[in-house]
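Got some structures for you, see below.
Okay, so chain A shows up in both of these, paired with chain B first and chain C after.
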Partner chain A sequence: MSTLLTIDNVHSFYGKIEALKGISLEVRQGEIVALLGSNGAGKSTTLKTISGLVRPGKGDILLNGKSIVGLPPHQIVEAGIIHVPEGRRIFAGLTVRENLELGGFTQKKKKDVIAAGIEQAFSMFPRLKERSTQLGGTLSGGEQQMLAICRGLMARPKLLMLDEPSMGLAPIIVQEIMHIIREINKQGTTILLIEQNAKAALRLAHRGYVLETGRIVMENTAEVLRGDQSIVKAYLGA
Partner chain B sequence: MDILVQTLADGLVIGAFYSLIALGYTMVFGIIKLLNFAHGDLYMLGAFVGYTLLSVVSGNGSGAGLMGIIVVLFLTMVIVGAIGMGIERVAYRPLLLAPRLSILITAIGVSLFLENGSMLFWGAQYQVYPLQLSHDGWEVFGAHITYTQIGLVIISALLMLGLHLFISRTLYGKAMRAIAHDQTACHLMGINVHKVIALTFFIGASLAAGAGTMAGAYYGTVNFMMGFIIGLKAFTAAVLGGIGSIPGAMLGGLLLGMMETAGTFLFGGSWKDVVAFSLLILILVLKPTGIMGEKVTERM
Partner chain C sequence: MNPLGKKLSIILSLVVACCLPFLTNNYWLDVATLALFYIVLAQGLNVVVGFAGLLDLGYAAFFAVGAYTTGILMTVYQWSFWLTLPVSMAIAAVVGVIIGAPTLRLRSDYLAIVTLGFGEIIRILAINLDITGSASGIYGIPRPSIGSYMLAGQMDFYYLILIIAILAVLAVKRLGSSRIGRAWMYIREDEDAAEAMGINRIKMKLLAYSIGAVIGSLGGSVFAVKMSAIAPLSFSFTQSIMILLAVVLGGLGSIPGVVLGAVLVIALPELLRSVEDWRYLIFGVALVAMMLFRPQGLWPARYDTGKDSAHEADTLRTEGSDRDVQLDSEKCNA
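What follows is the complex of A and B.
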């Protein structure tokens, strides 16, 4: 498997506070990689650094061998990385369909790609089709998460980064979301996943990284991490 | 009856101008939460650019002609739109992440710059517009409504219709509304946020410039300070309609225009501004969100 994303010794700062203290990781083509760790470990900052919202103070980020450090966020999306942020952040005052259309902003010259993307989203989540003219803010939490994921897929990303897709959702909805993430991966999209629910994440992922206060303290296959007693204790709440 | 109809007609014309200017106010506020106090001066700039272009077109005494007037209006809107975009690039963009107060003060600075710059360029005295609009018209219930008034209202309505279609149908229009909701999420969707903000300034400035040229032709004279009071009035209109709301700005402008004209009739011309600004105070006290402004509840 070839490497899709390489993060090489990245340091990120919020003002003077160093949130990432030299992170290195890689995501290979076709994988689901889980990023685990407690609150404040730097998981979200890692994603924000990749998507260009936070500019790293040091280090390099490569997509297919090409550096994307310093590009504005919209060009990183064009390069093929989509970041579905924590809290979903769908456009509450726009309709479901408009939310999806904006997800396809980078494809704006190709009307057929946008139309096909919307069809795909509707077939994946028929509930979104029923609500296509409703405002995004009127959807339930689970529906909003589905919309957020579909909106991200509209850009046809090579790498889909999901920040806490199960946050605040009922267990049965979490299962549905996890199932969909696996489906999206099977159809060829590489996924980098942050999950508070480490058990669920490690069931889904091929490999995982564990972050602690801005450093990676462990990396292995999901299988090994699932069996590791210290991980289980620290993050799986067993 | 005749007085009522006359008031409505006169108020509609002034209201249409207020609406066009209020739209720029409300769009810019919606997208970057800036009260662009220089916005009224773009209206003034529109009046002056239109004045210069019309002077060129009708320089040989042949008059501009209807086609000429429309071309001048269009050119003025493009030129002032570009100036509005330039102002955003130079004065506001570097301050987007700064505290709100810095950018607000900058807006006041830009306003002073435009006013005094225009005074240097076009002079401090009143300039007579090189265009005489016809005073012919119809008698409706005893009121005199000119073709000019009807034409101006129609042009304003077309501009607003165009804006409405742009905002609701095109991807860039939708991106504008989306940025007003959540700028970060827009970045993550691959939207070039700076480009959309620049476009918003272009549209806002060109609408104000359109109003400026039309007002110049309607009133017959222009002056470098003409944008000051009308900017504040348009701000009042935007707040009346609900700041951030585009239909609100259109409605607020028309309502303000009519109430002001009605107030002028009731209390006399010198009370015109008092009526408008009393209205502003009343809205701020009674319904600060304005007529159409409402909060969208968001599920966490």
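What follows is the complex of A and C.
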């Protein structure tokens, strides 16, 4: 498996506070990688740094061997990295269809690509099709998450980054979302996933990294992490 | 409204607008002309505030840039009016970028304060520069002519600004439903999410300022030749507020709403003339009542429908209404 994304010794700051203190990780083509850790460990900051919303103070980020550090977010999207932000951030005042169209914003004149993407989203989540003319804000939490994921897929990303897709959702919906994430991955999209719900994440992921106050303290295959008692105690709420 | 009804009502209002000079006296024709100016200005501001969600309290600055560019080029350099239009639009676009660039990182209240400052800078420059005729302004601006026909009468200017207003409405309408328009909407709804989806935030915001400025300057250019004299007084803070009022009153981002808002902002105080001193009080109370009972505007854009729309949209509305309440009290004091 070739490496899709490499993060090399990245430091990120919020003002004077160092949120990432030298993170290195890699995501290989076709993988699902989980980032685990407690609140404030730097998981979301890692994603924001990759997508260009936060600029790293030091270090390098490579996509397919090419540095993307310092590129503005919209160019990083065009390069193939999509960030589905925490709390879904769908456009509540726009319809489901318009939300999806937004996801295809970088496809510019390719109307057929956008139409195909919307079709794909609707076949993956028939419920979104039923509600295509409804305002995003009127959807349930689970439906909003599905919409946010589909919106991210509209840009045909090489790497899809999901920030806590299970947050605030009923367990049964969480299962459904996890199932969909696996499906998306099987269809060829590489996924970098943040989850508080570490158990669910490790069932899904191939590999995982554990973050603690801005540093990576452990990395291994999901299987090993699942079996590690200290992790289970500290993060998985066993 | 169904599409047929929509078409009919557009045609009907166009017919009324075209026939108006023959149906009314000079006084009301002048009021109508002013209302058309406000339609142009409010549509320009609608791009900035309604579409892109950037609160601008200094919009009269662009109106001034258009008026002064045309005024100076025509009086000092004897240019033809029509040639001044592209120049004033180009200058306005540049000024739009100059005002837009330092405000890119700012949001809501902070943005409003900076735009207010820029509006004042332009007005105070106009008062103090020699080329703008300082406090007395520029007078003796020649009448424009088409071939050998000179536009001089009230009716001529009415039709001139009517054409500009129609063009402005069409342009804003097309922009609103274009890819750029959607990008503005996304930025307005959630700037971070829009950026994460691949929208070039900086480019789109600057574009909104520039296009808004160009439309405002067009209104200003026509204003200069219509009045044949311009002075800094016409480009005061109150002017910016009245234009914003037209946009908010009609419905942020709604094209028919903004047209309606512009007409009302001009027509209501005139209609209330019979009650003399009380008219601005009544106007103010009407606005307060309106913002309390219909904060989304008289003819809201499709997205701001009722309670089911989002929290963000609600905040935007309340912010808008708060500001109007403040500005009503100012008007009452004035």
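Rule of thumb we're sticking to: the second predicted complex is superposed on the first by the 238 of 238 C-alpha atoms of A that agree within 3 Å, B and C clash if a C-alpha of one lies under 4 Å from a C-alpha of the other, contacts with A are read in each partner's own complex, and residues count from 1 in each chain.
One rule holds for everything that comes next: contacts are C-beta pairs under 8 Å (C-beta built on N, C-alpha and C of every residue); 3 or more make two chains touch, one makes a residue touch a chain.
None of these values were measured; they are calculated from a predicted model.
For the composite obtained by overlaying on chain A, chain B and chain C cannot both be accommodated without a clash.
When the two structures are aligned on the shared chain, A:Leu53 is found in touch with chain B and with chain C.
Contacts of A:Gly168 after superposition on the shared chain: chain B is touched, whereas chain C is not.
In the superposition on chain A, A:His83 contacts both chain B and chain C.
Touch criterion met: A:Glu101 reaches chain B and chain C at once. By the touch criterion stated above, A:Phe91 is placed in contact with chain B and with chain C alike. Residue contacts after overlaying the shared chain place A:Thr45 against neither chain B nor chain C.
Contact with chain B, but none with chain C, is seen for A:Ser140 once the two complexes are overlaid on the shared chain.
Applying the stated touch rule to the two superposed structures, the overlap between the chain B and chain C interfaces on chain A comprises residues 51, 53, 72-74, 77-78, 82-83, 85, 89-94, 98, 101-103, 105-106, 108, 135, 137, 151, 155. Within the complex formed with chain C, the residues of chain A that make contact are 51, 53, 72-74, 77-78, 82-83, 85, 89-94, 98, 101-103, 105-106, 108, 135-138, 151, 155.
Taken in their complex, chain A has these residues touching chain B: 51-53, 72-74, 77-78, 82-85, 87, 89-94, 98, 101-103, 105-106, 108, 135, 137, 139-141, 144, 151, 155, 168. The touching residues of chain B, counted against chain A in their complex, run 171, 174-175, 177-178, 180-182, 184-193, 296-300.
Every residue of chain C that touches chain A in the complex is listed here, in rising order: 179, 182-183, 185-186, 189-190, 192-202, 303-304, 308-313.
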